[in-house]
Amino acid sequence: MPEKLIGVLTAGGDCPGLNAALRAVGKAANAYGMGVIGFLDGFRGLVENRTIHLDPSKLSGILTMGGTILGTSRDKPHRMPVGSMGTMDMTPLAVDNYSRLHLDALVCMGGAGTVKNAYRLLKSGLNIITLPKTIDNDVCGTDVTFGFDTAMTIAAEAIDRLHTTADSHHRIIIVETMGHNTGWLALGAGTAGGADITLIPEIPYHIESVAEALLRRSRQGKRFSIIAVAEGAITVEEAAARAEAGTEISPDDEEGGSDKTARLAQKLQALTGLETRVTVLGHLQRGGTPTPADRLLATRLGARCAELISEGASGIMVAVKGDDCVPVKLGEVAGKLKTVPPDHPWIRTARQVGTCFGD
Amino acid sequence: MPEKLIGVLTAGGDCPGLNAALRAVGKAANAYGMGVIGFLDGFRGLVENRTIHLDPSKLSGILTMGGTILGTSRDKPHRMPVGSMGTMDMTPLAVDNYSRLHLDALVCMGGAGTVKNAYRLLKSGLNIITLPKTIDNDVCGTDVTFGFDTAMTIAAEAIDRLHTTADSHHRIIIVETMGHNTGWLALGAGTAGGADITLIPEIPYHIESVAEALLRRSRQGKRFSIIAVAEGAITVEEAAARAEAGTEISPDDEEGGSDKTARLAQKLQALTGLETRVTVLGHLQRGGTPTPADRLLATRLGARCAELISEGASGIMVAVKGDDCVPVKLGEVAGKLKTVPPDHPWIRTARQVGTCFGD
Amino acid sequence: MPEKLIGVLTAGGDCPGLNAALRAVGKAANAYGMGVIGFLDGFRGLVENRTIHLDPSKLSGILTMGGTILGTSRDKPHRMPVGSMGTMDMTPLAVDNYSRLHLDALVCMGGAGTVKNAYRLLKSGLNIITLPKTIDNDVCGTDVTFGFDTAMTIAAEAIDRLHTTADSHHRIIIVETMGHNTGWLALGAGTAGGADITLIPEIPYHIESVAEALLRRSRQGKRFSIIAVAEGAITVEEAAARAEAGTEISPDDEEGGSDKTARLAQKLQALTGLETRVTVLGHLQRGGTPTPADRLLATRLGARCAELISEGASGIMVAVKGDDCVPVKLGEVAGKLKTVPPDHPWIRTARQVGTCFGD
Amino acid sequence: MPEKLIGVLTAGGDCPGLNAALRAVGKAANAYGMGVIGFLDGFRGLVENRTIHLDPSKLSGILTMGGTILGTSRDKPHRMPVGSMGTMDMTPLAVDNYSRLHLDALVCMGGAGTVKNAYRLLKSGLNIITLPKTIDNDVCGTDVTFGFDTAMTIAAEAIDRLHTTADSHHRIIIVETMGHNTGWLALGAGTAGGADITLIPEIPYHIESVAEALLRRSRQGKRFSIIAVAEGAITVEEAAARAEAGTEISPDDEEGGSDKTARLAQKLQALTGLETRVTVLGHLQRGGTPTPADRLLATRLGARCAELISEGASGIMVAVKGDDCVPVKLGEVAGKLKTVPPDHPWIRTARQVGTCFGD
């Protein structure tokens, strides 16, 4: 009989590297004499007690697979949709299932929203450990999240493809990346892909400055431009209205999606007279085989997670710190969002090679 | 002084393999003692006499490059946009430039629309040779067009990525491919990517049949489905209305694009109660490095084109026929569109492995 | 109870697309009311009666997977290695197992060697159907084999990578591809990758001509060259010796591999004074996810195979013929090898764009 | 006239990201009002005064290109090969050319060997700035080098491909990676690719332990194994002999390459009776388009390099430190090699998921 029993779930949007992390948690847990049970479909499986035993045969061959073999959902224990009845607080069921299974720890792999939900469960008495998983890279307390490198790679390679079309047709092409309310993905992919203009939520833009940058390139004889825009990018006017209304940005794991980018394209075409097209990358950024860098990172986090649990850790997020992975108190990071500081070194880099941020 | 002088242009949407074909025309032309001049930006460059000399240095290193070093446009000589004045018939200018340059042949690389425009120039007295280039594979008289394999590869790999997301979230995901008014791309990528449902213009669909197929999968315990939909796919009702109105489908090189697919998603979600998302691949399908298969194909067509010109060919399209490339009279293929016959072997294959076409 | 029962095995070297073909045979067989049993590890599993039932759950999710879920081996029924005892003719066991399972047909997926072995079983009374699978493309009677496009893609993309190294270091780089005794792979990848020199078994080369071609490029100021060499390429001297000895090339599925290519590099470096390096692609060419084109092709062949069996076909290979798949009598193709005709259109193409074959 | 003039060269083995770094140095230098001259073919170009002006047109479109537009060589100024005469100390020529061009700084992009050579030039009075470039990741003083992520990605994806072959044929496959005398590449790619055994120079191995690990897997019913071996991996016996002889490992930029790995395969096959094959990745690991992560990293380093020069920095390496890039004194890092500490967190991770190191 194993010394300890760990539960594990994957919550929020699916993300490359989840299976690599599950494999590492499971393999390392076994090495430490612990057993592992997986809950299906995020917190919903915890509440409904739908589980599978993560034995070695389940963990074999999944290192390179996208998605999550456990399934995922955006449901939160304390506000879970129940048929047509609205939502209910299912926390007591989650706590009850945890106890009846005699779990020693529950590993929650998720982004900023999941960390918040996991922290509630911690306060309800469960021993929670989280792993920072998200393509958005917006989790506080860790150098980076797994999934980000894959999403950045997909987005940058999409920009590569669009370059040849933009160049051949002498067009402006706007590429909308994911990222929720942060600009890490647009900034990273934009710089790696050589975008001429990058628009991120943390630096509200003047549409006239963007148009002027396009016209300046045109006057220099450059017959195309690439704009990388984060789904959460906003104009200075929108930022002012939001500040006035006191709207706060929360790290909830809701999906973005809007036709803001289509309207931006129309306005820029009107302001510049240059043919402008939009490509929305959408879910392409979260699917498919993780990059080797993400597989390595997810393996490091998952293995360290099992090690920390075997040593009795509780109420922590396993965070990346340089070449190492370290525990961080959940209370210190829950509810916080890691945005791009406007003076971040990557911003400086991008400006130095000529990227316009529209500010 | 070269024996003969060839002009070459690339028209219509940009397409992977154009540079490989230009390189092959140029290298083989030189081997046959002929010179090559490139017109910039499609037929517009012919009309405006904007040219570059395609000497060996220009052709080096472009085999793997996406887009076209000549630039392209959708302008037609006989209806060319002129400032805010509407359009004018610029054919005489095209003919004049051709004569003044003492060209022996004009190679036009393009899709079904370009073949039509090129045929008009042939009738105006120019010696025209076309190469079948398009990601849509809708050119008559050739086994296949270059660009198609690359686009199919990109679309199928996108379906691969979306599979993991659909699976993890238990969703319906609809992938819209290009293809204009034909279904080759959706059919090829859908079958290669394992789409559960494929919707193409040649087989109008009943939305209820599609919904029923989704529910059937759901009842079988399959928690996700992938739908590959061609941008030109239509319902039986739309097909009937179109037939009634006598609307004809023409091979013009216009771009598609609509929010039909978004509406399809809404309807299917309403009919099935299953969460449904859309990804529009758009320009990603035409950019970037061509697949090696497309590079080989474009090289074969380009080299054969130069050979045929050196032998005095006129008024032909160079067509793929098995391992060979053969001349086909332009008059036999101009103005025709290669659609997918409803009893085509690929349709039969797709049905045999369980694909639903909604008919 | 299913109407008919099909056995299936995969033999010879593993090859991208095998799982796609297995999935298509299985899915289409089910649609025609037939059951499918898989033999493990090629002909060995048939002899040892090691089987698995290929029910739908086994076929799900394998479309994109490399390798073969059945395993493979190079063992031949009539000459099967038995411990340290040498080999034995196990054909009677194969025939016996076939009968006891009441199979209606045995599908053998394999290359030229497998076709030969399968034909022996046909003559022993089994109803054999083969599918042309091999990265070498050397099977007679079919336009192409599945696996070839993937291998050509991998080899051409390797040439792309080596181009940048060759260019930066001003080197000769020799890339050895697979292909057994035929040059399809080296020819296709070489042309698609822009190799300057391509050496294939069907066109024996003079090493002096190769050295001269390298020096000519050097004199033209081109500071690097790429040579694509098939593992079976031979010099004119070797070809003469082989002809004298009456050595015949057989389509047996033996693996190549030698240090011939290393010696070629040494000789060329000595003859030219140019720094020369070798990369042997080896097994990289046969592994990993098949290209979408190969998945489509394997699906077409597999589905058609099931259809033909349901219609009572016997003693055939399912062959690719244009967009269709057609039955070809096994007796017409067994024991034959499809080599590259020296006047094949692809050779002409390669010469037209300047490729040297060393002849 | 620009305020300052920078020279730049790329030395040692070519490496993905060199062009991205050159572009960033050039673009940022221009933004700071400085001009940039490139020396061709590494230190040789400095000695022979072969230069090109890196104006904006040269820097456009190179972000995604592999190799280096400047060319590279392994020549060292103080021991430069001169015809058949052996080598000469060309440092005075290098110093003289630097002065006559009125350079304010010389940027040397290279690995551990280049840092050593650059440091000699610093001591000869040149203002040297180095950028840590190498696929080996063996440069001291920086978190990571550019090129490493691309090489690790290529190697891990090769392991993915070989997995399917190993699995289908029930074989041991040994993959030899580069890395000189360090194990970063084998360790990173091995862990990301799920290698069962990883052999690196820093942990000498017992061949019997490796054989035993293979047999253990075989007894557990696992029918294949993947071994990632660094080109510099050694047995405990070799390590002891080397220690006895007092042989020191130097950071010189010499190329590896041996048939040690072939002999390892033979021994393991003899010890285990399991079929064993070798794939040597070789130059494939250094060519081709850099990963987006490497493009971002090279851009960050290149832009920061220009900034530091504009601020008057001298005698430094620009090093990666978290999200930032910081100057490090050349004297502190020259001549040192960053090896993998046997207790490095990545080693612990690999052991936790079951990797055997043969120790």
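First chain written, first letter: the chains are A, B, C and D, and each begins at residue 1.
In this text, contacts are C-beta pairs under 8 Å (C-beta built on N, C-alpha and C of every residue); 3 or more make two chains touch, one makes a residue touch a chain.
For clarity, every value in this text was computed on a predicted model and none was experimentally measured.
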Approximate Å spacing (C-alpha centroids) for the pair subunit B, subunit C: 31
Distance between chain centroids, defined by C-alpha means - subunit A, subunit C (Å): 42
In subunit D, residues with contacts to at least two other chains: 157, 160
Pairwise touch network: line, ring, star, complete, or other: ring
Contacting chain pairs - touch in the sense defined above: A-B, A-D, B-C, C-D
Interfacial residue positions of subunit A with respect to subunit B in the complex: 10, 13-14, 18, 41, 65-68, 71-73, 154, 157-158, 160-165, 167-170, 173, 223, 277, 279-280, 282-284, 286-288
Footprint of subunit B on subunit C - complex, ascending: 23-24, 27-28, 31, 63-64, 143, 149, 152-153, 155-157, 160, 188-189, 191-194, 291-293, 295-296, 299-300, 303-304, 306-307, 322-325, 344-346, 348-349, 352-354
